[in-house]
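Look for chain A in each of the two complexes below; its partner is chain B in the first and chain C in the second.
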Partner chain A sequence: MKKLVGCDKLLESSEKHDIIKESLIKIVGEQWYSDFPEELLIYSYDMTENDPSLPEFVVMPRTSEEIQKILKFANETKTPVVPFISGNNVGGLTIPLKGGIVVDLKRMDSILHFNEDDMYVIIEPGVTFGHLHAFLEKTNYRYCYPFAPPFTSVIANALLDGLNNLSLRHGSMNEWINGIEAILPNGDLVKIGTCCAWGDNYDLWWSRNPMPDLLGLFTSWQGMTGIVTKMAVQVWPRRPIRDWRIVLSFNVEETYKFVKTLTHLEILNDILFMSIETVKMIAGVPYGKAKYLEGEPRWVCLLDFSANTKLEYEAKLDMINTAFKKLKEVDPKANMTNLDVMEKFYGKKVGDIKNLPVTIGPMLEYGGLTWMGTYMTTKTEAVVNGIKTAFDLIDKYRFEKCLYSRSMKGHHYFAFRFLLRFSKLQEGETERMQKLQEELFNSLFELGAFPYKTPARFAKQILKRADPNWVNLLKTIKSTIDPNGIMNPGRWGLE
Partner chain B sequence: MEIPDEPDDILGLGIYRRIKTVTEISPDFKKFVNNLNENILLSTDYYDFMIKFKDENFEVTREIENPTIIIKIKIEEFFKIMEKRTSMVFSFLKGKMKFKKGLTKLFKVYKLFGNILS
Partner chain C sequence: MGLRMSETEAINKYVEEIYCCTRCGTCKYIYQVYDPSCPAGVKFRFETFYPSGKIHIARGLIEGKIEWSERIRDIIFACPTCANCTIQCQSRHHAQIVEIIEALRADAVSKGFGPLPNQKAFADSVKKEHNPYKEKHSDRIKWAKNLAIPQKDKAEILYFVGCTSSYRQQSLAQKTVEILNKLGVDYIVSSDEWCCGSPLIRTGQLEQVSQLINHNLDLIKSLGVKTVITSCAGCYRTLKMDYPKYTDKLDGIEFLHITEFLQQFISKKKLKFKKGKEFKVTYHDPCHLGRHSNIYEEPRAVLNAIPGLKLIEMPRNRENAWCCGAGGGVKAGYKEWAVEIASDRIHEAEQINAEILTSACPFCKTNLQDAINETNSNIKFMDIVELLNEVII
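What follows is the complex of A and B.
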């Protein structure tokens, strides 16, 4: 492991350290404070290739009031603050680049309210996809789930514009936020959405319209503008019938056209477009061995659809079959089957796609996981070209070509991403991954792909290429809300 | 039975895991494959691969050598059987599953694939 940034600081400023320690303990209690090196170490890195950096303190508050006090104090002492829940963002976003206090929000894990009429749930930041799923199972409503482990935070992913198995219908996760309560860096508590008028009445957090939409001050800011302490997220009626189809195919352009055709029919919950390597990885093929082999189908699509009645189900299936027949005319060896057949052959790991949220073990077993995750145009040339470019680069650096992409919001845009396993234990492999990521970023950005959950080093490069007026606006907003630059400093290429 | 390495190809991996699962849950099937001693070549429209049964071991591989049974089948037909849209017997009778070698061992093949595909 590289030398940890933050160690020197920790030794140099022991007096300041003691003052901060005392104040933090006063706020959260001794039990919820730590500066043990062993515990700090846990917060200094994540699964990605991003360099580690140590925090100086970790606190686990329970209430909005405690967070107000922490931020007020941090602001006065100009101490960096990093909001943290489970650190599974796959972008190094919780690594404390400038040390300071990690505010771990896991203890704030209540589901505060369920409004069935307006179909939303108010949750705290520590509520995970697993929690929410278990809660909604007892109702007739559903939320949406990423490919992420069930112990990751719903609020964090919504704030990060995450994507999941209802994104084809509804877009990225920030679009389903009705409103939030947040603590600004100066300790002020703000409410955004209809709750700005009736914040104390949880039954009136039904929308963020019609008023200037201030939610953008928090989404995709990676914790740089404050800490969100409550969020109302929309849920949807669960349909009684749900089913999946798997399509194996060979021709990239025709497969992508098939994806497009299906999205335009507006009958699916979700459609994934993957390479065979991704399926092998999910099925548990060990790291380094998930490769495409001569004669195998090159592409795999997963279609997820649901219906209220048997008639609706059959009509949808009929449309899927017709679209597939068209694909087969031009890609004759393409085949379609259901997920049960795949589960029978490859086991529960593949069948578990039906049971999200689940931990896809084979992605995490090797100590290193990262992605080049982007949102991009749906243009066929861009996607096909992007795949070719990325595959060439991944080959060059000898990693696995795991394409895992998805149509977003009725195919208005495309989630274009490559999941990349690597081993941190193997000498030089992290550095090799960093180089690959650099090249992937540069090549795909040119093709119109914008990295989401943007790691700091790509953000810096984006700022250089973006419209200067956009960059100035970004800086103005940041310095207005957070004049002392305490919130997750270093993110988005801003100090 | 000795458990060999999993194959890396997508068809071989599926067949390998399926045989393993069924042998784990069915002592009858385990006994049957332990005594099979055949090299079965599955010739598909994707690619060819072999299931080799020998001395209570089995292996699924793309290295083709000395097949004692050769079956030709399209993956589409394979899926149809799995989804129960057709049966093995029907596929065979309609010529969608053909024996290129080892027709006399029809019963063995029926029992093997009947278990794997059921």
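What follows is the complex of A and C.
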């Protein structure tokens, strides 16, 4: 086998391709390698409006050792590498902007260990929310689930600051990581958290404190610093009683204050703040038809709570009722009901929202789905202005005003998000969505909203507006860990 | 976006459905159970092999981003068309997923890239002998040599035997007529039955299909038949679901699977059973009978009527049943993989300590028995008609 060192410009590109191909096959085996056009095409785009870009190779390793070899080789040959897992991607984050090798991790799908005493599970990247849910159903513990199809990777979502139905209590998912095993761009294997001392003992991955927290070298870096091959994620006891209440209201400011009041009581697992269009979309109203009608409730809050005893349940319900009475004083037509009633009114699909992880078919069946997902300040003025600003823009571009937001970590910050269906079949619609996203990003950023799972084009703009010292630090870290810039190049505006 | 559509391409009919798929992955596993649902995905793992991947291949072809190739042929024919994806997918195109795959296959054939070599032999043989097994048409009812099948020109009920039971799994044909005889049914069997068309439709070889359908319908009408019964899940699916797409001349002809037909006798308590000892049986839902035709309870009603038979279910049953691996041309095109798929099913039946694995399809019988042999399993396979015939008087 020829050896390819550096980016050898003397070699014809086809010869370089053959050398890389030969090397990758040697590492993973022919069965788990592909450079067929149809395979490359499928890895070149996702469901969002982000522009496609083709990889040149796809490999499906099974072990950390294979990934070490792949990255070592890619680093020597300066070949870009993009980690990929379930195919259920957003934000264009796995679109290979600079080509190279897609490392599809779905074969690494084992739940390696469950430590009941310290309440964590060690998983591989291919483990999905659905599989973790099925595993934990046999125990007295639960994980958290996003408003996404069940076959989304837990590790990917945790690394990308995903939010879900325990985020009010615990924040975004990266806060629940005890530790990781990761492969650096030079092929080195590192362990972060207590596992740095006792990595071979899965029973000792119990925290990432008290030591310098190096997890930040991997979270929200969008695969630019290495490939995470194992992760210990925290789980929580499942309480025997769980219930939901729905509040339908008319006044945005008062509804948001009601949300804030409830979060300060510290009695809920989760609180969603949605527009009526979101409920209609979930209920199955076809694309383009999920609209607010004059006279109907404008806002919908979903309150998720649980209890260990009937007494605790009743006390929580009493506190919810009291808060609602106060809302009613200022928003007299507001109504509180339960999901059964909502199901009768809007149809069975609405009930899916309590059975996460679920696939909300009506959200996913028009070829295109995207969102402007941000984390922002909880200040009432910012949130209310944000909604108004976003609604005006969505109207301008003729999409649906599906607000899906939630309070995070006891209302320390707010997840402010708009779910946007669009049709990839309709001429010009993808481009129209790109323009809307651009305007949404600019307007919301000005209001203090910071996008998460940030598409490359917005990340570039953030870098221009961010403190130069922060940007320099970011670049220094990146160039130190990945001097040849092989890991998911082009993300975060960094080459 | 530059859609490259031509009126002759079968996938053009499904453009809207193709663009429904966001590749959310829900088709890959049993919904909210999380066991694998797609045999091709489990085996090959690359995105293209999953149902959503095949849909996106169709999209790539429509958009002109990829060209037909042998590799694409291998991917789209690597699917037993078990339709498990149509159950698990939660989007509005779910019911059309198998149709899209079959349309891709039809396009592959029309463009000279398909079918797989062993599948092409079906068409050659059907053209020559009206069966895909290269057997003589004149031998079609050789299986009935020592059986008392009614010799008459006309009857209201036709037992449509199907090629697999006529030539390969003859026991199913023999036991079916023995049951019909015991029940005193006035039926007829025809020596001029032709292949129902299933192996050709499933593999995109549509050239002869209309001719086969016309012949079989002419035959059915010439015999004065009002009800066609079949013991083959593949024939049943084709007669009941595909024939209406090709012709409007079915004129109220009723198509019944043998288990539907027998259930009528069971509900009227017209079956007389021998006394028997207890034994544990599990039922494998044939894809063509279950997910394709929504027949789940009738076979179970037949089994539950048998004294001493304890019906136990495998974890994946009814609409979530794991495919046997024989369908969609996979048994011919991917011989070893077909048996691998069936071996998973045998393992599942063993796990629940079933003594007998039963089903209602000669194709399932072939492949599951092959897997029993391959894995040296102690489990015994009997088709439902073989099982029933042993215990009724």
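In this text, the second predicted complex is superposed on the first by the 481 of 495 C-alpha atoms of A that agree within 3 Å, B and C clash if a C-alpha of one lies under 4 Å from a C-alpha of the other, contacts with A are read in each partner's own complex, and residues count from 1 in each chain.
To be clear about the criterion, contacts are C-beta pairs under 8 Å (C-beta built on N, C-alpha and C of every residue); 3 or more make two chains touch, one makes a residue touch a chain.
Everything quoted here is computed from the prediction, not taken from an experiment.
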item: Chain A as common anchor, with chain B and chain C clashing or fitting; value: fit
item: Which superposed partner A:V279 touches (first chain B, second chain C, both, neither); value: first
item: Contacts of A:P237 with chain B and chain C, given as first, second, both or neither; value: neither
item: First (chain B), second (chain C), both or neither touched by A:P483; value: neither
item: Dominant contact partner of chain A by residue count, chain C or chain B; value: C
item: Computed vertex angle (chain A) for partners chain B and chain C, CA, steps of 10°; value: 70
item: Contacts of A:M60 with chain B and chain C, given as first, second, both or neither; value: second
item: Partner chain in contact with A:G368 - chain B first, chain C second, else both or neither; value: second
item: Touching partner for A:G295 - first (chain B), second (chain C), both, neither; value: first
item: Which of chain B and chain C A:H133 touches, first, second, both or neither; value: second
item: Superposed arrangement (fit on chain A Cα atoms) - minimum chain B/chain C Cα distance in Å; value: 15
item: In the complex with chain B, residue positions of chain A that touch it; value: 248, 276, 279-280, 283, 285, 289, 291, 293-297, 333, 335-338, 341, 344-347
item: Complex contact set, residues of chain A against chain C; value: 32, 34, 36-39, 41-43, 46-47, 58, 60, 86-88, 104, 106-107, 128, 130-131, 133-134, 149-152, 355, 358-361, 364-369, 423-425, 427
item: Touching residues (chain side chain C, partner chain A) in the complex; value: 1, 15-16, 19-26, 28-29, 31-34, 45-48, 50, 52-53, 56-57, 60, 65-67, 69, 71-72, 75, 90-93
item: Sites on chain B touched by chain A in the complex; value: 6, 8-11, 13-15, 17-18, 21, 45-47, 62, 75-76, 79, 82-83
